[in-house]
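The letters A, B, C and D name the chains in turn, as written, and every chain counts its residues from 1.
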Amino acid sequence: MVCRSAPMGAILYMLQDHDDKPAHECGVFGIVATDADVARLTFFGLYALQHRGQESAGIAVANGRTIRSHKAMGLVSQVFNEENLRPLAGHLAIGHTRYSTTGSSRLENAQPFVVESVLGPLAVGHNGNLTNAATLRQELLTRGVGLTGSSDSEVITQMLAGGEGRTWEEKFKVFMVRAQGAYCLTVLTRDALFAVRDPLGLHPICLGRLGERGWVVASESCALGTIGASFEREIEPGEILMITTEGPRTIAHMPAHKPAECLFEYIYFARPDSLLHGKALHAVRVAQGRELAREAPAEADVVIPVPDSATPAAIGYAQASGLPYSEGLIKNRYIGRTFIQPDDQLRQVGIALKFNALTDNLAGKRVVMIDDSIVRGNTSGPIVRLLREAGASEVHVRVSSPPIRHPCFLGVDMATYPELIAHRLTIPQICEHLGADSLAYLSLEGLIKASRHGDDTFCRGCFTGKYPVDIELVNKEIFELR
Amino acid sequence: MVCRSAPMGAILYMLQDHDDKPAHECGVFGIVATDADVARLTFFGLYALQHRGQESAGIAVANGRTIRSHKAMGLVSQVFNEENLRPLAGHLAIGHTRYSTTGSSRLENAQPFVVESVLGPLAVGHNGNLTNAATLRQELLTRGVGLTGSSDSEVITQMLAGGEGRTWEEKFKVFMVRAQGAYCLTVLTRDALFAVRDPLGLHPICLGRLGERGWVVASESCALGTIGASFEREIEPGEILMITTEGPRTIAHMPAHKPAECLFEYIYFARPDSLLHGKALHAVRVAQGRELAREAPAEADVVIPVPDSATPAAIGYAQASGLPYSEGLIKNRYIGRTFIQPDDQLRQVGIALKFNALTDNLAGKRVVMIDDSIVRGNTSGPIVRLLREAGASEVHVRVSSPPIRHPCFLGVDMATYPELIAHRLTIPQICEHLGADSLAYLSLEGLIKASRHGDDTFCRGCFTGKYPVDIELVNKEIFELR
Amino acid sequence: MVCRSAPMGAILYMLQDHDDKPAHECGVFGIVATDADVARLTFFGLYALQHRGQESAGIAVANGRTIRSHKAMGLVSQVFNEENLRPLAGHLAIGHTRYSTTGSSRLENAQPFVVESVLGPLAVGHNGNLTNAATLRQELLTRGVGLTGSSDSEVITQMLAGGEGRTWEEKFKVFMVRAQGAYCLTVLTRDALFAVRDPLGLHPICLGRLGERGWVVASESCALGTIGASFEREIEPGEILMITTEGPRTIAHMPAHKPAECLFEYIYFARPDSLLHGKALHAVRVAQGRELAREAPAEADVVIPVPDSATPAAIGYAQASGLPYSEGLIKNRYIGRTFIQPDDQLRQVGIALKFNALTDNLAGKRVVMIDDSIVRGNTSGPIVRLLREAGASEVHVRVSSPPIRHPCFLGVDMATYPELIAHRLTIPQICEHLGADSLAYLSLEGLIKASRHGDDTFCRGCFTGKYPVDIELVNKEIFELR
Amino acid sequence: MVCRSAPMGAILYMLQDHDDKPAHECGVFGIVATDADVARLTFFGLYALQHRGQESAGIAVANGRTIRSHKAMGLVSQVFNEENLRPLAGHLAIGHTRYSTTGSSRLENAQPFVVESVLGPLAVGHNGNLTNAATLRQELLTRGVGLTGSSDSEVITQMLAGGEGRTWEEKFKVFMVRAQGAYCLTVLTRDALFAVRDPLGLHPICLGRLGERGWVVASESCALGTIGASFEREIEPGEILMITTEGPRTIAHMPAHKPAECLFEYIYFARPDSLLHGKALHAVRVAQGRELAREAPAEADVVIPVPDSATPAAIGYAQASGLPYSEGLIKNRYIGRTFIQPDDQLRQVGIALKFNALTDNLAGKRVVMIDDSIVRGNTSGPIVRLLREAGASEVHVRVSSPPIRHPCFLGVDMATYPELIAHRLTIPQICEHLGADSLAYLSLEGLIKASRHGDDTFCRGCFTGKYPVDIELVNKEIFELR
């Protein structure tokens, strides 16, 4: 299949770090330790989870009586300093890093949410998306709760603060009966840390051990290593885990559906050094690349990744295909948000702030370009053209995940139907749009096989349109007051 | 009575603008106008009310469908710029300037509070203090509402958002049945502005007219003049006034106690160019000074005020006594918050950042020094000493209000019992403490007579300890989470 | 003379603190003290001199070997905190507050200027304006010095750093031979403080004593009192005073022209509690008001000032005329820079952010309105109209200085010829322009008599156009690079 | 050679992006174009040069008459926005990004330096280090120039502004006769851009073409590609190139020593996609890795880089050795400056914020770890331990450059003699210090051969201690005033 020399629009501007990738929702962290500076450890834990959200960060600390917190817009390293960390004294803490689309970027939505409730103070950090948030929100309004922001994390917080149940344990169970969709929670009361994972287990959260008597929970295991904690186990889908100074105790396993883990944690989200089901995601992605080489070989001279996220898959593709691995694109390490717009002339000359091509590695060569996913398809075309201008004689695009044909309604910012290129176009049409010599995606079966052998418990909604839960089709901005 | 040469402690540092004065709680503003930029007019209205609160400022605007808002810590002129004012488009608006003691200074407490409720969006600005806030707060928690901050303004907002009543009108009436204490509210729904004054009428709020079809409410009439509106009338104690594009309509007059206006609005709070009961407060304060001259004359050569607030009273005292009026103290016009602490040496030399004395007007003279009130008594002594060092042969202190012997529990930050000098000491002891040659206060009768002839409907709690309502003795910081 | 009912333009917006007043250039401060925190004392000294410049502030400290400094845009209280003050350790210091027109507002022009020179480090603070700056600047460029900013203070610094002379003493003498115009300097070397005043003595600078062994110099004596120093004497016109830990020593008295002090220091600039020639300026201004009453009496019922600067003159006018003194205008104490522009509607209604009128004191009365000076004449008219709208039956404007018919070229920002209302119009025309019933200015003779008896050594350039030096007619912005 | 199990100190904290690497000095850029927004193009050019300096950034623009500029501390994307870019209109521009050690981090040292000179305005951007700066600086002081900062770039600016010569051309020639050491300059006058490279050609600077009539100069060719310019040629060592709207013209080739290019541009500094002598540095570094494999093979199972800079060398080592290439360390992509210090407990557990190990790729394997250079040796040891803790059975460290035994005095921040581990220890001792199983460096001959065939014109001072120029042994901080 050859589909070359498509007419191309102007090369687009690649200023964002996550161009044309699905976007994380959040990272959560929690810790109980009587002999440590829990706020400081939470800071370093969030530092390791920064890739899961760069919009805002916050820490709440409990000391047996009250909860104190600090949160602000920005990276973890920008939000915290010694001065605002110092007052956060206690022996239990949770932390949160938040990603959000620009539209709803407001301090009111930063987490943890901290409220006073009838059972005392409460702090909540949430990763995920409730699919029945609109219903739950309306119930809260009807019950007479005024809601300040638009995030469903506030809905969760008010459900816990005011929901049925005489104890926190009861309240969590009631909450899990009512909530649908994706939620990993770390919740702080004045003397306990709760870690909760939805019955589908959509997003990861794990338990670690810190020294003799400390316990840690985190979205990803990479945060454990960073603070010197050891990996213990994953929180189970449907599990409510309560941790006090006495240690962890499972309060309940809510009747689970068949689990449905988000495949994009395996493809792109989680850091390559994090473990899922005991295996580092780097190795998983190398296996995806190997499988891709078997499914979709190419006659070529060299294999290159679109850095950085596709590097493991490219290494795997090279290994399985026997083609040499190399680098063909250099990424500007100092990409930052800029508000300076290119002018017309710059648009014409085709500015490429994010990547430059390595002519020496490409000139006269038939190139296999490995990417891990294509969402809107607006950056792959310019990259193909960049490779051609650097002298590549052929460009064969290989993608280590299947075509994304459906949006995600469970907490991943994946674009809408009209934006998804694989919803609008066939694979040959996409190939032509990209100006590639050939294009192939990894099959869903291949992806699942490479991701975890003999175990098919994944959510595959964005590939198949069949979601593990009913979806209230609500726009995430729908509740915005402003 | 002569009580001189009291041993004095080191002269204290006078860095705050409101040293030893009772402190305002807040200023509220509201506007309905179909043919004006209501956010911009609210900005200029708040500018005129800035003296009622310098900690935070905010504006909320309704356009018939939604409410948008912006608020931040700082002066009105610091909080707003063209960029954040521009999105606030609509035809109804409220604004708020907030004062608070440092302890609870947090953005979470800035107003207006904006929430989504079952009847739609709601924005609330509040001046005052509920005396049964703790009870109401507990009821909200029991009802299952998580509360984020510590201010009773959030309590009011959640009571309105979720309280009984099928309409806003009903909800306001229910609220007024339940709430006790001081509250002037401006409340915005998506298509109406409500102005509410507690049945005691503790703090002022008035109605003005802007052009043909615009209506304005404000804590003080000075804000009307600033935006070109004309004074219409005061909102009545117990009145719920609803203003829409159809104009104002009184929803209810709640059964009132005997009104109990705060006397300190007449003594110090309200701007001298504001009107209360049709009379400018400048004239009221001149009359207080005249009455003080009659009650407590002094053998002296010159009358000087402690600037700026005692200037009208000093003018009145001079007029009635026949003594010449002059200035004896110059106030640094650029007083600002500084975090630089004087060192020991500076303490010894007696730094006086706020005032310098005018030797030429004082040397060899018997001086009557007029102040409008003494709370803690920590700045009057150093000022007396400053006058003596400038050569004053005698210093006779005259205060145009009675001794403050009790705290306020109705929204004025007046200090606690142990801090109040007139609670601890007799007048001769205070005189000795100040190092004055004589000291006299205006009598309560004199104050009332000068403030409004033949009409005794004032709250006099801080002078007599008899409050117009039952007081839950709660510290305002009591609900603070952090 | 009656000149009423002039057609008036739209009422202008009075947002600046110094509307229609000549503008200060700078305040300088210096200290030598072995047993004190000299940077901290300089901070408090600058605090007292804040009225002389609000654009930027800076402090430089010498410790016998090196000079350290900090400066930034903003008020003294905004520029300094404990963190940036702490490193400024030493026993000699200078400080500076700067005013400048907006055009050349840049950090590069903030003072003190600190440079390394062949004789070691050098820090310079300057108040004034050189009249031959362009010539001197060209000489420096020709000598091969690259100049970074546009201020003549940099010219002074480079002249001292690189001018002829083997010692600092020689360099200062050479400088004074070459420089023309107005300059009060405080200069720091690694082990000495120099205070220099131009031979004309245009602007004030005085010497004070701090404890046993400390010495202070400051633009105005009010800064001495603030830090507990006692007034010693003024620096003489033409004097070079050197202060080390050994105490002060006069290096030279440069051959002086007849002194020519700036009359506007007596009229408006200096704080009323500062002393000039042993007399507080408050008393001087009361005398000016008395003289004005004698020269230009009015049939009226009440005397009011335009606050705050005209208050002493109004007190004097009231005293001499026998008319009662009162307040008729209330100034918003929280005037701050705002970038919010009034819209057209606000322009029509006649917003008056700065002043509100006191109807009770004005209605039905014939008012004498005292101002200390009129420059452009753009705010007096609106104030007259404000008084009329408040019910004043007549408004008689009296100004306690003569008509300003010429710009200042010696460091005062006084407006240009076409801007000066008294350059364009006769007094009756101005009266008509203001809409006043009568208008009178204090005569130059009266001003001088009131300001200092029997001693006529003033610069009167802005009144007569006869300057004490030759003027290079250069625009102050002329050297701006950007 | 085996040198294992050395006792190790606590693992250090790896928070900086450039840990244990020599540090760039600066990046320079210049452009002449009559039909383009030169400031905007300079912004994007600096964006591509950001890796050469992250402390401050600045742009100066000339329009035939004047020069305007803006500069501030921070990244290019932080320093500039549309508001401060807009006023920078013209047709010539230069830009600068600056690196500096913390000690001398001050806005005064940010570039470009802009001064007014006798020939008109002048803006200077400089990359490098003068070896006779102290002498030149003293000459300037003696000539009577006051110097404000401590950088030798100010020395260059003042030498050009005030040096001998009636024209700019003459001044540049005089400058090059006097200056010794490393300097790549982009200099703006009101109507010309000068690009100057020192006779040794220590650091790179090249010329590019933009459209029909535009010309660009930049430290590295990667900046040309980013704005759509094509590479033309390198500026020659000793060349003075003048570019006006008429195009480029070589003013002079100053008599050159034998050229002496900095080898660290080939090893680490320049971006891998930049060209030097027509070859991309990525290919050069792959060749270095290949040579290293030939010189120092290892019995091992896998080759991994220390990311990101050693990746090309690791690819080359894998290719030449036949060992599989993989990733063993994951770098946190969100490393940012944090002021939060780890506490004692965190120190003990061995926090590793910068890198996590990929256990799957390492466990039970003999690992070749490729780094491009070792300076102080404080991060390599912890990385070796990290690999071992992840299960590596052997760790063989291979470095693609020779041992650094001497500091650089020509503009590279390379550490001092006592800090350089290869100055203090033998290779076996270093191996033991790192806890590696074996350690080998690339030979100098191998490095040179791989970097450029048959052409030995490199500075090798840091490897051999033989510098191409005389060194005034001055500490870069020596002139600091504060």
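In the analysis below, a residue touches a chain if its C-beta (ideal position, glycine included) is under 8 Å from a C-beta of that chain, and two chains touch if they have at least 3 such contacts.
For reference, the UniProt names are A, B, C, D = Amidophosphoribosyltransferase.
Keep in mind the model is a prediction, meaning the values are calculated, not measured.
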Legend entry - If a chain touches subunit A and subunit B alike, it appears here: none
Inset, instruction - Using mean Cα positions as chain centres, tell me which chain lies farthest from subunit C. - result: A
Inset, instruction - With chain centres taken as the means of their Cα atoms, state the distance from subunit B to subunit C in Å. - result: 35
Inset, instruction - State, to the nearest whole Å, the distance from the C-alpha centre of subunit C to the C-alpha centre of subunit D. - result: 50
Inset, instruction - Between subunit A and subunit C, tell me the centre distance in angstrom, where each centre is the average of that chain's C-alpha atoms. - result: 61
Inset, instruction - Check each residue of subunit A and list the ones that touch at least two other chains. - result: none
Legend entry - Chain contact graph, described as a line, ring, star, complete graph or other shape: ring
Inset, instruction - By the touch definition up top, name every chain pair that qualifies. - result: A-B, A-D, B-C, C-D
Inset, instruction - Can you check the complex and tell me which residues of subunit C touch subunit D? - result: 66-69, 87, 107, 113-118, 121-122, 141-148, 157-158, 160-163, 479, 481-482
Inset, instruction - Under the touch definition given earlier, write down the residues of subunit C that touch subunit B in their complex. - result: 17, 35-37, 40-41, 43-44, 47-48, 50-51, 54, 75-78, 80-82, 85, 210-211, 222, 225-229, 271-273, 279-280, 282-283, 286, 308, 311-312, 315, 319, 324-327, 330, 332-334, 336-343, 345-346, 348-353, 356-361
